[in-house]
Amino acid sequence: MSEQLVPVLVLTAVVIVFAAAMIGLTFLAGPKRKPTPEKQLPYECGIVGKEHETTRFPVKFYLTAILFILFDIEVIFLYPWALVYGDLLKFGPFILVEIIVFMLVLTFGLFYVWKARALEWD
Amino acid sequence: MGTTWLEIIINTVKIAAIFVIVVSTVPLLVWVERRGPAFMQNRLGPNRVGPLGLLQLAADAIKFIFKEEFIPTKAEKILYFMAPGLTLLPAALTFAAIPLSTPINILGYTFKLQIADLNIGLIYIFAVASLGVYGILAAGWSSGNKYAMLGALRASSQMISYEIAMGLSVVGVLMMYQTFSLNQMITEQFGYFSFLWQGSAVELKFLPNWGVFFQPLAFILFLTATFAETNRLPFDLPEGEAELVAGFHTEYGGFKFNMFFMGEYGHMITSAALITTLFFGGYALPFISPEQVREFWIQNGHTLLGFTGLSMPDIASVLTTITHLVVFLAKTGFWLFFFIWVRWTLPRFRYDQLMDLGWKTLLPWSLVNLALTTALMYFARIVK
Amino acid sequence: MTDKFLIATMLLSPLIGFLINGLLVNYNNKSYLRSGIVATVAAAISFLAAATLFLKLLGVSAPEVVKAHFFEWINVGQFKANAAFVVDHISGIMILIITGVGTLIHLYSIGYMSHDEKPAKYFSYLNLFLFNMLILVLGDNLLLLFVGWEGVGLCSYLLIGFWFTDSEKAKAGMKAFVVNRIGDAGFILGLFLIFILFKTVEFEELAKLTYAPELGWGLLTFATMFLFIGATGKSAQIPLYVWLPDAMAGPTPVSALIHAATMVTAGVYMIVRLNFMFMATPNTMMLIATIGALTAVFAASIGLFQNDIKKILAYSTVSQLGYMFLGVGVGAFKAGMFHLMTHAFFKALMFLGAGSVIHGMHEEQDVRKMGGLSKKMPITYLTFLFGWLAIIGTPLFSGFFSKDEILWKTFASPMGSKFLWFLGVLGAALTAFYMTRLMALTFWGKSRVDKSVHVHESPIVMTLPLVILAVLSLIGGWVGIPEVIGHIFSIPNGWEHWLSKQVVDAAAHGSHLEEWLTMATSVILAGCSAYCAYFIYTKKADALEKLKNQYGKIYNIISNKYYIDELYQKTIVVPLVLLSKWFWSFVDVKIVDRTTYLLADIVRGAGSSLRLMVNGNVQQYALYIVAGMVAVLVVILTR
Amino acid sequence: MELTAADILFYLFGFVSVVSALMVVFVSNPIYSALLLAVVMSILGIFFFNLEAHFIAAAQVVVYAGAVMVLFVMVMMLFDLKREKEEVARFSILTVLKIISVGVVCGVLVGAGAMITGDGMGFIKVSTTEAPPPPSMLLKSDINAPTKQTTNPEELKDEVVEITQNPQAGVEIFTKYTDTQKLSLKLFSKYIFIFELLSVLLLVAIVGAVALARSKGGTHHVTRGS
Amino acid sequence: MQDQKGAHTMLHVGLNHYLVLSGVLFSIGVLGVLLRKNALIILMSIELMLNAVNLSFVAFSKYAQNMDGQIMVFFVMTIAAAEAAVGLAIAVAVFKRFKEVNIAHFENLKG
């Protein structure tokens, strides 16, 4: 079982080592100058912008994230179905009816999201 | 990884080797990225350093190492350093599952040219790909720059939206191959284009048995989804130079910046490899199955590698592996070139068009594709 | 005419009379005649049916018992009581007395109630009383007897308190009812015990059982004891007699019917009906006898100094009932029953006579304001004379035969004793004294009637019953002439023979000589005391004054009825009231209310403390969940 | 070799997951706790893989690590929560009570977990006086038996037979299917009703989320009539 | 079985190891829910608890040779995701209203 997994873990180890080495290298090799305040400021194409306190971020991004989760689960449910669909067809249309009901309900969800203009990016 | 220490070492070396190869192809791609479009736009591109500018890559790499280690004041120290790693890691891990070529069996060992032959190959790739979002978000947020933050949010929501479309489009393919393991998918795509129609076998001599001919719509959807997933040009809004400077990695310099690029290009290589495996027969030649290739090399393989003194079957298996590796590299190279080619032809989407494309066209079309395949398999009883 | 129909008419006609008078006739309609006639006709029909039934029993080949089963009333587990009525030798006599005397009294009350505002109500109650009394007598099981028992108690309450507007009379009614209820409680306990012992309450089955005489204080003794307590309540014996004198507050015919002839005899009838059971419990019999004798002497002594004509008669009834219980107590059930019948005749006669006197004297009841009425009310005087002669036991009159039978049986029967006999004779002497005093003060002597009142003789409708009753009280005794006299004139003792099938007396043994002697002594004694009273109250009024201030104290005690009422008031009523007051103020307020308020407070307190838990703090809710989970897990794992 | 690779993996990742779970709860910056939770989720994915639940492992990483935690991180970044003033409730009687109850829960669960195999891992002395604890009623087979490689054929076969009504199909299907396919066979035969119910659940969640987002003040706040 | 395997039975990973681990993770989740003030952290602790349960489900499914455990994990996952989605939507709404995601503000949701 773990024969399949161990190489992946070894690969992660290799990547981490590589990344750490590179950053370490730049840290050692790189010039060490005293950071000037201007340099410290977040880069704004050169203009030294004032930094007002609370940045009002548009919150609409989270809605896509939520919808992503819900539709991702739909996809996850489809995978096992896809594997078995071909073989269970031999035993009648039952497997088909199941997925039709499932997909109808969820496409209605998508349709609702569409009509409710939840994904509008004004 | 095998039980004996020897096997473990060999495997680790293999893994490291494959990783290094992938990492080294990134500068190559960058080079192609600069030379190719230059060629298209009738200009030269980097040609100073080394022949045709090839050494330019090495120069850049070394330059990155000597950059000053610089951290903006308002940045989150730990996360700022971890962000590049977080983007590179998923990109590298996804490549683990892709079968590069047929396994070699010399001196009694079978040696897989694939980092990890997982029986859940495909969704393993999707799983690890979905972890990529963390790198971007971490980078955007930890650098303390609100434009970077905005870029990160945009990039991640774009990636998220297209992940569903990609997932759904793949379902069609899965229904056909009925397995997750990529190796098995490739074995399914050997020989001629054949399937069962109403129970009777149908074979078309002039077409290879590739997935693209079974699932053309899935291929198109998958392609566009991968473009969006890797933030390649039509969809590279987050780092749109015009408005958001460099998007989520504005504050990064030095090798950390390079790592972001490595992550992006790594992801691109994996996507190209995935397209070839899923739709274009992976490392297999169009009409010839690896068995036939072995037979061919058994007859005249001796001429090439006779000097090594290995037994005939070993030589044959080495040669078939090499041929298949070459085939695989060719196909993937083509698709990589396609990526770069598209970058310099299509204009950038506006953000809401991009999101609409994701949710309102790709997703519905993949549902249609799903319905189509289900219906065909049910009514026509097409079974691969 | 089937038996069932006869019994049904006998029973239902008074009920129908009651319904007609009660529901159809408007209460405050003055026409006494209409409702009076309806009531009397109903009583008469019932009497005719009773008579035919009695004749059925008379014949040689006549059946012992006439039984009519109407419906099955209660059938629960082993307890079975159905509405069935039995006319046998005992109840035969009783129904004759009830319906006969009842009809006469109904007739008499038409005249008596002529001036009353609500005659219909009075007559409906009277009919209801008859119906209940018949049920009591005819019932074939103890439960039905008890139904009649309660019915008559109710009617006596209604009739005593007939003029309820006068609070005094209403209180008397209440007193009668309460005292009766106490007796009834005893009766019911007795009934329960009998059922527990014998699993049946029907007289027929009870009679079939054999009873081993129970010398000690076993359950049967207690059962009979409780029944006797019921009897004392109903027939006004020593502890529970106080209600009868006050019951005189009701109209006089009521007193005549209920408190002389029928209701008060219910106790005696019940004991006679269950004679086989009482014979098996000598202790109870001895108790009955002593209480009977004591009551006789005690009531008679009170009667000596009463000035209200009806009070004197009431106490005389109590004392005569004492004699009946004495008779029954010593095992002379037949004699007791005999005295019951004769007493019904002459006592009803005297009460009605007193009624006509009162009627004539326009509601004047105080004997001291009467006198010399013999000339003004000749018929009443004559009939009253017959009654007087009967009650003091002059030979040839009914009173003599029945009373002497009892005295002889007390003297001779194994259960009786010389001392009881002596008490009986003393009682007889006192009875003679106060009855003669009554006669002297009302009829003989000079008239003390004040001028405004002019006395007139009662109308025929009142005097006719008087005459009939006078005849009856004369010939009533001839039915049961005792053996010792009977065999001289070869007249058989019908009464003994009649009752012998159902009633088994204790065997009395004693020579004829003794019987003659006892008879002689009681007659002589009664004659002397009668002459003394005559002499004192007609000739020497002043001698009386002398006697009074000599024994002033004793006179006061007796004339105030030995302060029994006050005694009861002090010993029972007042403490009871105080106790209930205490219960109310202390237990109810302090304990019951306090606890309920406490409970309410606890709940409210708990509620308010629980409310604190629900304050919206989600984390606290989580804590509760976890705590719950912990509890469940611990329980499961440690089980 | 006593310890197989799987054992080493288990102990290593077990330790890492417990430590990161603790840090999730006690670290001050919520974004770090979110990322750490994502790490815990991925490690759980690895455990699932060890427990031969391949598809579930991938699903876990895709759904939890890849979607839910992304949402958490994104939302936290949007809120721009830097430092929590006092992340853990101040010290009060309630906190003590909470800690104690959690301690008991943990003790009970761990104890039960250990005891289930009957040997109690030596921690809980199984007293021999009363009847030996019955083999845990939860499990059909004997736990300590070496884990069989192939999942139990009979058990799943009858399920398949149940749907296909022919025993022969049962055997044939069973031999050629991989783990994930057996899972889906069972999912679409025995638990089909729940499967359909879940689609309704997802629909409800979608509608709910959209409604909440459009509620007053939401960015997608739709003014009346627009 | 115990004696034969000797000491290292303890180490060979059996069902009870997984159960102990899931128990510990579950308790940490409960601790998080009870102690933390930040609503989002509470939601995350709940997710952690659900994952702990998933782990024990899968462990049982493997050692009892029965697929039901894995299917249950499926369903728990869906529910957890839906719950997280809606939970966060509420948290966002609360954040907009109170500018702070402290659990105390959830009090206003009470009836």
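In this document, chain identifiers A, B, C, D and E correspond to the written order of the chains, with residue numbering beginning at 1 in each.
Assume a residue touches a chain if its C-beta (ideal position, glycine included) is under 8 Å from a C-beta of that chain, and two chains touch if they have at least 3 such contacts.
Please read these numbers as outputs of a predicted model, since none were measured by experiment.
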{"item": "Minimum number of chain-to-chain contact steps, chain B to chain C", "value": "2"}
{"item": "Identity of the chain that, by mean CA position, is farthest from chain D", "value": "C"}
{"item": "Among all chain pairs, the one with the most C-beta contacts", "value": "D-E"}
{"item": "Longest centre-to-centre distance from chain B, chain (CA-based)", "value": "C"}
{"item": "Gap in Å, rounded to a whole number, between the CA centres of chain E and chain D", "value": "6"}
{"item": "Averaged-CA centre spacing for the pair chain E and chain A, given as whole angstrom", "value": "22"}
{"item": "Chain C and chain D, separation of their C-alpha mean positions in angstrom", "value": "93"}
{"item": "Geometric centre distance via CA averages, chain E-chain B, whole Å", "value": "34"}
{"item": "Chain A, residues touching no fewer than two other chains", "value": "3-6, 55, 57, 59, 61-62, 65-66, 68-70, 72-73, 76-77, 79, 83-84, 87, 113, 120"}
{"item": "Contacts with 2+ other chains: residues of chain C", "value": "619, 623, 626"}
{"item": "Set of chain B residues in contact with two or more other chains", "value": "1, 118-119, 123, 149, 153, 156-157, 160, 163, 178-180"}
{"item": "Full enumeration of touching chain pairs", "value": "A-B, A-D, A-E, B-D, C-D, C-E, D-E"}
{"item": "Complex interface listing, chain C residues touching chain E", "value": "614-619, 622-623, 626"}
{"item": "Footprint of chain E on chain A - complex, ascending", "value": "59, 62, 66, 69-70, 72-73, 76-77"}
{"item": "In the complex, chain D residues that touch chain A", "value": "4-6, 9, 46, 49-50, 52, 55, 59, 62-63, 66-68, 70-71, 74-75, 77-78, 80, 163-164, 169, 173, 177, 180-181, 183-185, 187-188, 192, 195-196, 198-200, 202-203, 205-207, 209-210, 213-214, 218-220, 222"}
{"item": "In the complex with chain E, residue positions of chain D that touch it", "value": "2-4, 6-7, 10, 14, 17-18, 21-22, 24-25, 30, 33-34, 37, 40-41, 44, 47-48, 51-53, 55-56, 59-60, 63-64, 67-68, 71-72, 75-76, 78-79, 81, 84, 86-89, 95, 98-99, 101-103, 105-106, 109-110, 112-117, 119, 121-122, 138-141, 143-145, 147-148, 151-152, 155-156, 182-183, 186-187, 191, 194, 198, 201-202, 204-205, 208-209, 212-213, 215, 217-218"}
{"item": "Touching residues on chain B, where the partner in the complex is chain A", "value": "1-2, 11-12, 15-16, 19, 23, 64-74, 81, 84-85, 88-89, 92-93, 96, 115-119, 123, 143-150, 153-154, 156-157, 160-161, 163-164, 167-168, 171-172, 174-175, 178-180, 245, 250-251, 254-256, 258-259, 351-352, 355-356, 359-360, 363-364, 367, 370-371, 374, 377-378, 381, 383-384"}
